[in-house]
Amino acid sequence: MSKPPSPISRYPVPELADLPADLRERILEVQAKAGFVPNVFLALAHRPAEGRAFMAYHDALLLKEGGLTKGEREMIIVATSAANQCLYCVVAHGAILRVYEKAPLLADQLAVNHRKADVTPRQRAMLDFAMKVCSASHTIEEADFAALRAHGFSDEDAWDIGAIAAFFGLSNRMANLTGMRPNDEFFLMGRVPRTK
Amino acid sequence: MSKPPSPISRYPVPELADLPADLRERILEVQAKAGFVPNVFLALAHRPAEGRAFMAYHDALLLKEGGLTKGEREMIIVATSAANQCLYCVVAHGAILRVYEKAPLLADQLAVNHRKADVTPRQRAMLDFAMKVCSASHTIEEADFAALRAHGFSDEDAWDIGAIAAFFGLSNRMANLTGMRPNDEFFLMGRVPRTK
Amino acid sequence: MSKPPSPISRYPVPELADLPADLRERILEVQAKAGFVPNVFLALAHRPAEGRAFMAYHDALLLKEGGLTKGEREMIIVATSAANQCLYCVVAHGAILRVYEKAPLLADQLAVNHRKADVTPRQRAMLDFAMKVCSASHTIEEADFAALRAHGFSDEDAWDIGAIAAFFGLSNRMANLTGMRPNDEFFLMGRVPRTK
Amino acid sequence: MSKPPSPISRYPVPELADLPADLRERILEVQAKAGFVPNVFLALAHRPAEGRAFMAYHDALLLKEGGLTKGEREMIIVATSAANQCLYCVVAHGAILRVYEKAPLLADQLAVNHRKADVTPRQRAMLDFAMKVCSASHTIEEADFAALRAHGFSDEDAWDIGAIAAFFGLSNRMANLTGMRPNDEFFLMGRVPRTK
Amino acid sequence: MSKPPSPISRYPVPELADLPADLRERILEVQAKAGFVPNVFLALAHRPAEGRAFMAYHDALLLKEGGLTKGEREMIIVATSAANQCLYCVVAHGAILRVYEKAPLLADQLAVNHRKADVTPRQRAMLDFAMKVCSASHTIEEADFAALRAHGFSDEDAWDIGAIAAFFGLSNRMANLTGMRPNDEFFLMGRVPRTK
Amino acid sequence: MSKPPSPISRYPVPELADLPADLRERILEVQAKAGFVPNVFLALAHRPAEGRAFMAYHDALLLKEGGLTKGEREMIIVATSAANQCLYCVVAHGAILRVYEKAPLLADQLAVNHRKADVTPRQRAMLDFAMKVCSASHTIEEADFAALRAHGFSDEDAWDIGAIAAFFGLSNRMANLTGMRPNDEFFLMGRVPRTK
């Protein structure tokens, strides 16, 4: 009834063996950790220089220390990627969010309507700011920073929130441009409580 | 980190025992089949006359014979409910769609971007028509019917597609109005292949 | 100069004699009261099960007791149907509104811009809530209910307002889908003061 | 139940006797013809120099010879003024349209959805062009002129269509700015066939 | 690489010698002052009666006394014309603004995002009001006038602000309709400080 | 009349001497070439890891070989940054575009309405694709690639076009978030023909 599984990208996807050493190593690292290679790494490695910069930017925002938990960063990604209708990022980062927060419902809630998600008022303020950067960044003014401060966010936290929304604005557009397909593994990740 | 589970509705929810017999019976029937009572039945039973009409309309569209499979009807519901940002309907009908189609990825694909879903060209035309009825019904013209006919849909099929989109336009607004919360059971339904 | 009068629907319209008894009786009742059969009854009777559910829902919302006058319910219908650009509902319910409120100007005012209509501040709050349910129901939050309460509306009144907007969201889409044409009688109804 | 009749404008409205002679004469002329003074003349006469230019522009577009009938010019005004949600122009020019075209239903049809109005395909093309000038003039390109030519419109006709839409873009904004109220007489004009 | 310079309008442009005396005189006056004939005068003179009314309206708004400086009136024109994506008015009035305000950066700032321009809070309030009249005049209410009064604007100033936005709503649409091309001279005017 | 020159960013801006050596060197290189340090380098260097990734991405897209000229890449940046209302990028890249293309009018044309700019039909197709990636990337489908191919663009060119639009989607949001101010030097660059 449905068409056969699409390729993962409209563009050619490199073999791991053909990649520059640094990219290959970075990808093997992720594979070791996740158990599979997320398609975004292969799809963007079609252009090694861009792929390398993408990963560097990604790591600078998501691996750094800061006032946002790892789970909160993923909340921003899921909500803004849904606003941009990016299938890859909603599905892949939804999975990561479920794993980080051990909250199997949260990603689906955020993807449909961030106002209905089980988040704290502080997280709601964070998401409202992120959504404004995502969809109407030209209207950001001092009052938006003040609203974050009222919930205890520093201006550096505001940069984190906004920069994650901005970076995934790029990521979402690249995924939509290339027709990037999320790995099947992501759809189920973090949904079933692990039993020992 | 997240706020405690919300009640299922902003409005009081009746006890099964307090409901008129016909509504109670209808709900027990669903419970027997699904293993739990979907919250929509309880939330809308706050107003028995409206709840009764809702179910009658629902059944008239979803249980009737016709040119659309049961799975295709659910595809329409998921895609249009996502356009209306209705958490309840995306989650509940996403679950039903996965079960009907035995397609664990399809609901998430449709909820994010129906253009990226694993559907046939015929189903894509069906969804384009449904989305137009959902979001810009005043622009529906003869050319839209012609586009459906080109894929083998009859005008009665067009009514089915449009009427499902229209009815869930009502349903989505009621769920958003009442803050209806999807049952936790729905989030996982149809995601894991059943083993014998 | 203009094309000949269109049929009342893109779909076949049943003869009264061919309808199930309950629908025929309901329609004859309306005819007795109004002096003619509003086209919506005939157009939707093309599908008796759906038409029956439609009328039941309609009656559950418009004939019930409650905090809104009959005229206020029609105000909601006219304003939201105009937002959905539904010719049938604006014209038919505009007529009913004029008759109920004995206000020959009100329907036209509401159809163009509800902010400019001759309504009380309380009715304005009611219409603002209805318009939000109509056009952006996913953004409804507690503050919207609070705004209604400030004008003396109960939460049950809020349900009435929202449910009428939601139900006519369905009705408007069905009318736009079927190309439903308002009866000529409606255009003039309630415009000329009756003389004794 | 409704608030007392509003004044006709947020701004002071001059007495006829206090107006410059040319404006007074122009207004008396209209009054002689229509039986009353349309409020727009008084509201805009608050600024005689602007009012004079407004009337000169109005006359240059609506009284000139050309490929559009007087009724067709009013169709453009009603459809575009509805898109701008201008109560004054929809009601006043709806009345004039009904009188010119002897078509009591046409203005209401155009105000709700120009796609559903009883107009010829040529008039539909005219209205599509007008609506584009009204709402997205920056997207007007050669193809839009070609679409008009296919219906027999000259490029001078295209100017007429676009200029009427543009001029009422100004008029609608002035009416919305000043809160201009249509005369009660307009609401009924042209609705009842005159008997001899 | 780029196509040859376009003509200044999609429509025929009259020779000065062929124009009615009053229009010719008015245009020669501008030419004497500016050193060249702005294309808008020639493009709109294709229809002398409309061109005459256009200039009269223009002068009534821009040459009158009032609470707005000449520079502030041009700020309104640049910001709203950018919202309407009108190349002619952004470029021509951007030039005039630079000259009036001796502010070589201001026009470009306003054309991209009026929230980022080097203006006073009072001017910001003026521009917010103008942008609302430009893009959503049907939502103008008393609160908008109150916001202006809080910055010391009178209601007559509000009319000036709104009327300039409204008039350039017309002007922008005519320029977009006719494909009016700004004179090359405008692009550089007021950018380089004059040395003696 | 206008407020004093704003700082170049809402966030602290590092001294060149305090920057990591690689960033400092990169910035000194630009300074040597341009004669001044574009503010974006300093504003983003507040976060060296992100700034470094930003520059790497920027260089990967703008310095690479490919089917687009350097001027065409800047056209994409100006048009999409205007759609995102990003003052910094419109002004800074408008300057670079004027210099590359020796076309003093082109940047202003593209910033207001890319449909009115003096570009070739091939460049127009390029810009239409870029604008779609910028504003509605979820609707990109095979037909959009086909439209590019019809103008001789390869699929790798399509990646270039889309990736530049996507990357400046990030850049625009960061500039809007930080309130980044363009250097005054940019406003005049490339406007006056250099004399020997």
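Just so it is clear, A, B, C, D, E and F label the chains in written order, and each chain counts residues from 1 on its own.
As a convention for this text, a residue touches a chain if its C-beta (ideal position, glycine included) is under 8 Å from a C-beta of that chain, and two chains touch if they have at least 3 such contacts.
Everything numeric in this text was worked out from a predicted model, so none of it was measured.
Peer 1: Show me the overlap between the contact partners of subunit C and those of subunit F.
Peer 2: Under the touch definition, subunit C and subunit F have A, B, D, E as mutual neighbours.
Peer 1: If you average the Cα atoms per chain, which one ends up farthest from subunit A?
Peer 2: Farthest chain from subunit A, going by C-alpha centroids: D.
Peer 1: Copies subunit B, subunit C: same or different interface, half of numbers shared as the threshold?
Peer 2: Same: when the shared numbers are divided by all numbers used, the fraction is over half.
Peer 1: At what distance in angstrom does the C-alpha mean of subunit B lie from that of subunit A?
Peer 2: 28
Peer 1: Whole-Å distance, subunit B centre to subunit F centre, using C-alpha means?
Peer 2: Computed value for the inter-centroid distance: 44 Å.
Peer 1: What positions in subunit A touch 2 or more of the other chains?
Peer 2: 85-86, 113, 116, 138 - these are the residues of subunit A that touch more than one other chain.
Peer 1: Pairwise, which chains touch?
Peer 2: The set of touching chain pairs is A-B, A-C, A-E, A-F, B-C, B-D, B-F, C-D, C-E, D-E, D-F, E-F.
Peer 1: Give every residue of subunit B touching subunit F within the complex, in rising order.
Peer 2: It comes out as residues 113, 115-116.
Peer 1: What residues on subunit A touch subunit B, complex-wise?
Peer 2: 1-3, 5-6, 69, 71, 82, 85-87, 90-91, 101, 103-106, 108-109, 111-113, 116, 118-120, 123, 179, 184, 187-188, 191-192
Peer 1: Taking the touch rule as given, give the residues of subunit C at its contact with subunit B in the complex, in rising order.
Peer 2: 10-11, 47, 49-50, 52-54, 56-57, 59-61, 64, 84-86, 133-134, 137-138, 140, 145, 155, 158-159, 162-163, 165-167, 169-170, 172-174, 176-178
Peer 1: Spell out the part of subunit C that touches subunit A in their complex, as residue ranges.
Peer 2: Per the touch definition, subunit C meets subunit A at residues 138-139, 141.
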